[in-house]
Amino acid sequence: MPPSTGIRRGRGPAVVVWVIAAVALALLVLPLVAVLLSAPWPQLPALLVAPETLQALGLSVLTGAISTALCLVLGIPLAVVLARSVSWPVVPRRLLRAAVTIPLVLPPVVGGLALLLLLGRTGVLGRYLAPLGVTIPFTTGAVVIAQTFVAMPFLVFAVEGALRGADRRVELAAASLGASPWQVFRTVTLPLVAPGIAAGAVLCFARALGEFGATITFAGSYPGVTRTLPIASYLASQTDLTQSIALALVLLVVSVAVLLGLRDRWLPGVRG
Amino acid sequence: MSAPAPAGGARLSAAAPTLQARFVAARGSFRVEPRLDAVAGRPLALVGPNGAGKTTVLHALAGHLAIESGSIQLGGRELAGLPPEARRVGVVFQDFLLFPHLTVADNVAYGIRMRGARRAAARAAALPWLERFDLIDLAARYPHELSGGQAQRVALARALACEPEALLLDEPMAALDVEVRDEVRAELAGHLRDFAGPTVIVTHSAADVAALAADVAVLEHGTVTQRGSWAALRKEPATPYVARLVRQQDE
Amino acid sequence: MTIGSTRFAAIALLASAGLLLAACSTPSTARIVTETADPVRGTVTVLAAASLTEVYGELAARFEKLHPGVTITESFGGSSALAAQIVQGAPADILATANEATMKTVTDAGLADGTPIVYATNILTLVVPPSNPANITAVADLAKPGVKVALCDKTVPCGSAALSLLSAEKVTVTPVTLETDVKAVLTKVELDEVDAGLVYVTDAKTAGGKVRQIAVPDAANAVNRYPIVVLAGSTNKTTARAFEQFVLSTTGLNALKKAGFGAP
């Protein structure tokens, strides 16, 4: 009798593995199915054009896009440094990586509170901005900052992974063909890591779109200014469940659309 | 110590550039101390057992590794201290290292673009090279769609298209299937004959030496143990390794 | 199987058998104890409005001292969120909201055991940071341009009360944020992130020196009536009712009065 191990040579994973994988998949997919099944389909058109919905949607998409752009501008150089840090001594290298991981391990509300204590009216830095007439909390800018804070690690790690995985030897070939270091970066390195950057940007946008705790703590909740889709959905869930489900559905559709839309653009030219 | 006697028929003039390398380079704890002369029109094969340091020498010649002391002269110009992009030395790498995100045409045109040409002008200038290497039909393909032999042609065309002053090849046949090697090697020999500058071919295969090279330098444990024409080496191998190499070709 | 793993399996088997025996034995010993012990025992889960955090915390501690076999678990939040949770099936024994409208969603769903009893009232007050950066002296000052005001969202009891109060005073305010519960408003004022907020007098009291309170003369125009009810889905109705009675007792009402709540 052959031993029943997890992986069998030439026969694929054992049944047990399939079953557990199916359970895992169910856990991920069934809640979405429940949303689709519970959606108030007849009332949906009216709910979707309601001012609260459109306001929250517009705000979420706008802030999400700006946050993603900010993450790209700030995050790619950080990813380059992180990728090069393999040659650093242990302590600085680990500290750098830990710093980038902070928003991933910090509960979002704690992150929001920290931002408030830094940039609030009486905050460590904010107190110097207040006399200049600059206050950050309760503005749409605060939403962008909160989203950028929580979403940055997704982008940085995705780009770092792409940088590490790319066969950097092609950079040697480019140099031998007369390309200066800046030209090598622009014409070879960047295009090679572009799929990784795109994947990171998608993750970043999705995370920014779904951010709740940091936003509500740092930026507050006011329709049209700081009340993003997740916050609107949460508030609605307490009084009008159908409205809440409609908002949740909008969030779902936007996320899936972004995921599908970006994948196609980056497929041609680069294998895989 | 004298320069190798030119084989009958080689056309040498005082203006033909040579690549002269006498230097010390180190990679980690491994040191190489080669003495090489490659004359234009007489490709030099740099042979040696695995671990002898051949790739290290190649990287130093290409500019990817800095030398500790000595000099690398190309046509009177000192290359040591120059970054790779300033050396005008073309390299065909063992794995070809074609740019995966560019078509064959754009790969070949890359060096021309880096010298300042706009994309359309570079593509036009690359056309004759695509023709010469029989790549017109493949111009719109991507590297992952090419066979080994085709990829080698692209790598060679790419290196030659920016008109380098010298050419380095690293184990040119190693990435190809055994069945196609003889045919590709013969083709490559033709292309090398057409190149006007000095050529250095790093290889451990006697078949490569016989088909592609006129002169040979043998590198063992970081130093050159024998130099001369292939005919001279065959007549009088100076070390056991050379003797084995010569026997390899006869088999 | 090696000898080592056999021994391990044996130990594991014995341990689980031991645990099983222990678990099985508890009911019988409990049965013997109950005949002579306090009928008020076990766990009771209370969902209460955020404004009740401090006073209910105190009352729960005192109740547990009186009945050593009892554990009261409390969860505080916006009343509408709590009511929604119960309608969604959250397991709880008692619900205490900050107004009757939110309680109604639970009674309308048939999830209350009996009629809710109103036992306290709360009115709003104006709070500002100790330094009073915007020099607020009255509710009318909230409408001045540039003043940052934090309010509860209208779906939460303190929010609807704030709306009635402001419309009674004929003051139009554009807040910078509409929070999901009254404690969030209080925090924003305590952190000096806003110039003023409308919270309950009870919240102002618990905040102590962290905020400055400005009395609103006509606050009695917007009164929130606080109901409490035992839930139909409660699994420990005896103890739940006992705690409810404790809240409604003189002890409970005194504690509420001390915290600043009004009489019903």
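For reference, chains read A, B and C in written order, and residue numbers begin at 1 within each chain.
Operating definition for what follows: a residue touches a chain if its C-beta (ideal position, glycine included) is under 8 Å from a C-beta of that chain, and two chains touch if they have at least 3 such contacts.
Predicted model, so just to flag it, every value in this text is computed and none were measured.
Chemist: Report the chain closest to the protein's overall CA mean, measuring from each chain's own CA mean.
Modeler: Checking distances from each chain centre to the full centroid gives A.
Chemist: Starting from the Cα centroid of chain A, hunt down the chain whose centroid lies farthest away.
Modeler: Greatest centre separation from chain A goes to chain B.
Chemist: Distance from the CA centroid of chain A to that of chain B, rounded to the nearest Å?
Modeler: 47
Chemist: Please tell me the distance, in whole Å, between the geometric centres of chain A and chain C computed from their C-alpha atoms.
Modeler: 35
Chemist: What is the distance in Å between the mean C-alpha positions of chain B and chain C?
Modeler: Taking the average C-alpha coordinate of chain B and of chain C, the gap between them is 80 Å.
Chemist: Identify all positions of chain B at which a residue touches two or more other chains, and write them in rising order.
Modeler: none
Chemist: Taking the touch rule as given, give the residues of chain A at its contact with chain B in the complex, in rising order.
Modeler: 167, 169-170, 172-180, 183, 187-188, 191-192, 194, 269-271
Chemist: Applying the document's contact rule, which stretches of chain C touch chain A when the two form their complex?
Modeler: Of all residues in chain C, those touching chain A are 78, 80-81, 83-84, 148, 150, 153, 155-156, 175-180, 188, 191-194.
Chemist: Spell out the part of chain B that touches chain A in their complex, as residue ranges.
Modeler: Those residues of chain B that touch chain A are 62-64, 83-85, 87-91, 93, 95, 97-101, 110-111, 113-115, 142, 144, 158-159, 162.
Chemist: Chain C touches which residues of chain A in the complex?
Modeler: Its residues touching chain C are 116-117, 120-122, 135, 137-138, 216, 220-223, 225-227, 234-235, 237-239, 241.
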